[in-house]
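Labels for the chains are A, B, C and D, by order of writing; each one numbers its residues from 1.
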Amino acid sequence: MPRGVRKPLVMAVAAALLLSATGCAEDPTAASGAGSGSTIKVGILHSLSGTMAISEVTVRDAELLAIEEINAAGGVLGKKIEPVVEDGASDWPTFAEKAQKLISQDKVATVFGGWTSASRKAMLPVFERNKALLWYPVQYEGLESSPYIFYTGATTNQQIVPGLDYLKEQGKKSIFLVGSDYVFPRTANKIIKAYAAANGMTVLGEEYTPLGHTEYSTVVNKLQQAKPDAVFNTLNGDSNVAFFKQLRSSGITAAAMPTVSVSVAEEEVVGIGPENVAGHLVAWNYYQTTSGARNDTFVKAFKGKYGAAKVTSDPMEAGYNAVYLWAESVKKAGSVEVEAVKKASAGISLETPEGTVTIDGENQHVFKTARIGLVQPDGQIKEVWNSGKPIKPDPYLKGYPWATGLS
Amino acid sequence: MATLNQLVIGASIGAVLLLIALGLTFTFGQMGVINMAHGEFIMAGAYTAYLLQPLVGTQSVLVALPVAFAVAGVLGLILERLAIRHFYGRPLDTLLLTWGISLILQQVARDIFGAPNVQVRAPGWLTGGLDLGGVRLPYNRVFIMVLAVGCVVAIWLYLTRMRHGRRMRAVMQNRQLAAVSGVATERVDQLTFFIGSGLAGVAGVALTLIGPVGPTLGTNYIVDAFLVVVAGGLGQLRGAVIAAFALGILNSFVEFWVDNGASFAKVVVFAVIIAFLQLRPQGMFVVRTRALS
Amino acid sequence: MTGAVATVPDRTAGPGPAPLSRSRRLAGPALFVAVGLLLVAVAPAVLSPFRLDLLGKYLCYAIVAVGIGLAWGRGGMLTLGQGVFFGLGGYAMGMHLKLREAGPGGLPDFMVWSGVESLPALWRPFANPVFALAMVVLLPVTVAVLLGLLVFRQRVRGAYFAVLSQALAAAFVILLVGQQGLTGGTNGLTNFQMFYGLDLYQPGDKRFLYLVVVAVLGTMFLLAWQLSRSRFGQLLVAVRDGEDRVRFLGYEPAVVKTIAFAVSAGMAGIAGALFVPMVGLLSPANLGIVASLELLIGVAIGGRFSLAGAVGGALLVNYAKTIFSEESADNWIYLQGAMFVIVMIWAPRGLAGLAADARAAVRHRRRPPSRSVAAPIPSGTPSANGSAPPGSADPVDPARPVDDARPADQIEPTGVPAVAAQRGEEPA
Amino acid sequence: MTELLQVRGLNVVFSGFRAVTDLDFTVSAGELRFLIGPNGAGKTTLIDVITGLTRPTSGSVRFAGEELLGRREHQIVRLGIGRTFQTSVVFEQLTVLENLDLAATFRRPLGTLLRRRRGIADQVAEAMEITGLAELAERPAGVLSHGQRQWLEIGMLLAQRPSLLLLDEPVAGMSRDERARTGELLRLVAKEHTVIVVEHDMDFLRRFASTVTVLHEGRLLCEGTVAQVQADPRVQEVYLGRTRKESAELVKEAS
């Protein structure tokens, strides 16, 4: 054989080996995940690297804590839950890729994951196509109800609308909207504007900044010019730190111009610095300070596992709840089979750190109590108002006359 | 009044841009190294302030300035010694190398300090603001502007008055000539990298006053920093100063006059730089070496 | 003496490119056919649909890599904004597919939840499949030509060009994200069902799509190969090694560069258009700074001076990313970062460079591969201050065959134009 | 004789420094003109202006009736003006043949650009012959000696079929033998082309020059045959009327 031809052949053989190695990675025994064998595999898919890791890593931690607790209590259907953790890397196609991998390679029973709307939208077709389940633990912009997704965070009528109700109750007549430039803030602000129009509030301005933006002096100057009664803040991640630091140093106080934030929880408060955000309002369904024995055990367990300095927050709690809600549904269904679990889930009610949550079988969202909180100088959030009872999820805002035409 | 305010804001944005770009004018300007890890040196400076906090309390920002300079400088020196020095003569490759390093440094920060942002408290005396006839300039902005100007003056003095500095300038202007004139260019390169990276550390400390402190801190600033250097001209202190303030003011006005202008401003800045390069292809100031005859 | 623009016919007599031994001449085509067979026949048979989809995705990136190999490896243009062209092609295709599957009122899903009430005029022509296909190529090519003429004519190059192209990617992403009603914002375009009659939910149809991707990659590879062995390819290398000197050959280097840049942009656009049905979504995250850098890094690792290296590198880097992150979700970034650093330091010409050195070592047995690996090579653009990079005193690698047209071959740039020094230009 | 190149009222100022002042300069078709002068006289600047590398402050440069100012370098090349550089620049990765072929390429139809080179074009063969590089045709240009590189550059010029050649110090750094060979080459080339040579080497000048133009501090000092110029007291002053040391250096440099 001529020497020149040998090398390509060698390379071809090497490539074939590589490819077949990939093929082998599809371990046929992986099929055990969905029920046979001694464990039940579940996927956990959050960004552990990239810009979104800031928020998502602790949600993963909370979900792993829930799995550990359930296993300690005997698991489900007599089997231990085995988490398979993947990194979404703050990249939406990666979320889709890893979701597919968890479903078809690891054969997981369900997946807990996602944070941004974009990651959810990327994963949605994967789960619908494979008829697999995703539990999505973050408050979001609504207008969605996939039969293969369970939404354990708030939809708009459980967070944004109560926030607006609260401002109205406080006599705030004019608001200014500040948000990051992506889907959640834009949709949220559309809802806010419709609400304001119907409730005699004026929207003095609407500003969006790119994700990761850190220069807010101009936005603050616009606020100073517009002098709104309150600011509705839908900024995400890093931008909140810059916004609040710069808001404070410009001399605008929370008393003169309070902001209501929907993406600032205990964890973000630490990064912003409590002194920079103290006195401002936030809207969530859960705070670390929420009273109740169930929350006390959750906070204690979380600090016990991850360190006393750690705080708990709404998305973490929603992720934690998601695992328990799934486990409860599996127990009720007596199987991890997707359709059975979906069927069994309707109406499941659970005592969680935020209080009682119930799965709404109609849209696979959960009933949640809305809570408005005031950030304290120590970094904790004090509840100043709540909705009294869990609010029925209404992702398309069908029950709100002013919202017709939004979807 | 709003206009005046925007001018002040523009200047303070310019000061931030200048601080983050200053180090790059050296490493990019003199050595042609496209250091994508420059952002992570900024991050290292910010975390230095965070680490010093429990030791020295709320004055940590002041103490952190020299310490962060040293920390980031040493990081830069290590990078130069271990990797970049293999790359002289092919500067573009350094981009890929330093990008890999920046990925690693981010992950290191995530593993050491955790993924969420951490808090660096500003000293009490930086919390107020200066009233300039109705325009309020926060003290922390004043501090950053003073710091930026201070850094520029220090560098200028260093480059013109000190022997080491003059050597650095010589290498910047004509590496070969400097080498044959007996300047140890390799030593100068190390020093340049130390100073350039150290300046990133200083910028990092300053940024704790106005922005987030987290593993991805650097990625928020790196592109802006490069644009300043490109618009200013390679290795040109004067160009970098003018470019930083021009871009800062441009940014602040576009953002103010256009509704929802923050995104738009970034696009405008890019367009303006492209247009500007049509007039001045080599940046604002070019070292002129007359054609040799 | 007349200086007339008379065209001189090629003489047929006289030596052409130096003849090669038969085996060496066949090595390139043999490799091409072997890899082709592997991709067409073996991979679909061996891989699960999930893995085949992933391979299809890598191949889309490999198409971009071919273009980068041309623009950067041959032309010396370090383009950090290739994601923009990938995105333009991808969005052109995505818009068409979305319109095909549009819900009530002819609106794509994201417009419904973004509150857009009637189809924007910009979208309308994309309903036409032919128009969409044409735009896949024309949009990126047009942008590349405009940008190329603007910056190359002004002699913006080297690091300047790199930074500008990076800023282009940043600005493009911001534009896309800011026009949510028009582009789907950060979410991008998701949830595709059909692609020109192929049902993307059917494994069989998906496999066919995969074969289409393989065929396109093969075609693009051959196109780039022909271009780089042609006179244009030599001119491109000449521009890379001595842009200012090329002016005195009667060519405007800006035009030569712009053409190569536009071809690479067109390839990226085609890759983006295939990526959309292959992966099922396209978002600004696929075209930003990081995505563009990842496209580039594959080429660097594979070996930018070799088109085959570029393709192999793109496949390897993306495969490694998948495998690293599956094996170690917490620490894969370290592995990835380390891979970049190690290759850049110890194999500056990439894996193809290593392979060439190994070949040379075997053939000549006179120079161990380690030496030429460690020998620094100059960057793709000439260092205009006239400083010769170390090692350029012996610029001719014995590994370099006389005929540089074969894809696996190495063409190292050297060239240190004194012209630039005379113009008082800064090191690029 | 027809005037091929006319430079009129040329001024070049580099940030305050007057490199060329009010220069008038004419070269007729078929001439072999030498351009000399001490360092900083403006010789290379003049060539840079003619070839479009430097934009003058004012003045006019006409070539065969066409104004050159405002044209870009490659357009000027396409008009038929070629030049070499003090430090020769060839494409080291390409072979000698490829270098020459590339230089000849712009006169070909566009379609040939997309094809591979097959065979050798006439003007390439001629250029190889005249420069004596035929034997090295398949060698990469990177391995050539300094002298061979200069010849290759001249060969590349010839392959372009220009009507005016500008050679910037073609024998600088060459050995005696190489200089002699270059001189012969120059004679051959000058038979069919108009050539302007910038040169320092007095010996070379005496042996090969016909007409000489002397520049000094950006101005035209004098013009004439070698003998005339050497006899001109102003030239002597410029070259010799300085301190002994400087002239000694000049002599050293020139040899």
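Everything below uses one rule, namely that contacts are C-beta pairs under 8 Å (C-beta built on N, C-alpha and C of every residue); 3 or more make two chains touch, one makes a residue touch a chain.
Please read all numbers here as calculations on a predicted model, not as lab measurements.
Trainee: With a step meaning a move to a chain it touches, how many steps does the shortest path from chain A to chain C take?
Mentor: Steps on the shortest route: 1.
Trainee: Measuring between Cα centroids, what's the chain most distant from chain B?
Mentor: D
Trainee: Can you tell me which chain is nearest the middle of the complex, judged by mean CA position?
Mentor: C
Trainee: Provide the C-alpha centroid distance between chain B and chain D, rounded to the nearest whole angstrom.
Mentor: 46
Trainee: With chain centres taken as the means of their Cα atoms, state the distance from chain A to chain B in Å.
Mentor: Measuring from centre to centre gives 35 Å for this pair.
Trainee: Counting only Cα atoms for the centres, state how far chain A is from chain D in Å.
Mentor: Roughly 72 Å, centre to centre.
Trainee: With centres defined as the mean C-alpha position, give me the chain B-chain C separation in Å.
Mentor: Their C-alpha centroids are separated by 31 Å.
Trainee: Touching two or more other chains, which residues of chain B qualify?
Mentor: In chain B, 106-107, 260, 263, 266, 288, 290-292 touch at least two other chains.
Trainee: If a residue has to touch 2 or more other chains to count, which residues of chain A qualify?
Mentor: Correct list: 48-49, 181, 208, 210.
Trainee: Send over the residues of chain D in touch with two or more other chains.
Mentor: Residues 44, 48, 53, 86 of chain D each touch two or more of the other chains.
Trainee: So in the complex, which bits of chain A are touching chain C?
Mentor: 2-5, 7-9, 11-12, 15-16, 18-20, 22-23, 25-26, 48-49, 85-87, 89-94, 96-98, 100-101, 104-105, 116-118, 121-122, 124-126, 129, 141, 143-144, 181-183, 186-187, 190, 208, 210-211, 406-407
Trainee: Would you pull the chain C residues touching chain B in the complex into a rising list?
Mentor: 78, 80, 147, 150-151, 154-156, 158-160, 162-164, 166-168, 170-171, 174-175, 177-178, 289, 293, 296-297, 300, 331, 333-334, 336-341, 344-345, 348, 376-381, 383, 385-387, 389-392, 421-428
Trainee: What part of chain A is in contact with chain B in the complex they form?
Mentor: Those in contact with chain B are residues 48-51, 53-58, 181, 205-210, 212-215, 217-219, 221-222, 224-225, 237-238, 240-242, 245-246, 248-251, 267-268, 270-275.
Trainee: Sort out for me which residues of chain D touch chain C in the complex.
Mentor: Going through chain D, the ones touching chain C are 44, 48, 51, 53, 72-74, 77-80, 82-83, 85-95, 97-98, 101-109, 112-123, 125, 137-138, 140, 142-143, 156, 160-163, 192-193.
Trainee: Quick check on the complex: what are the chain C residues that touch chain D?
Mentor: Residues of chain C touching chain D: 1-3, 5-18, 226-227, 229-232, 234-235, 237-238, 241-242, 244-252, 386, 392, 395-396, 400, 402, 404-405, 411-419, 422-423.
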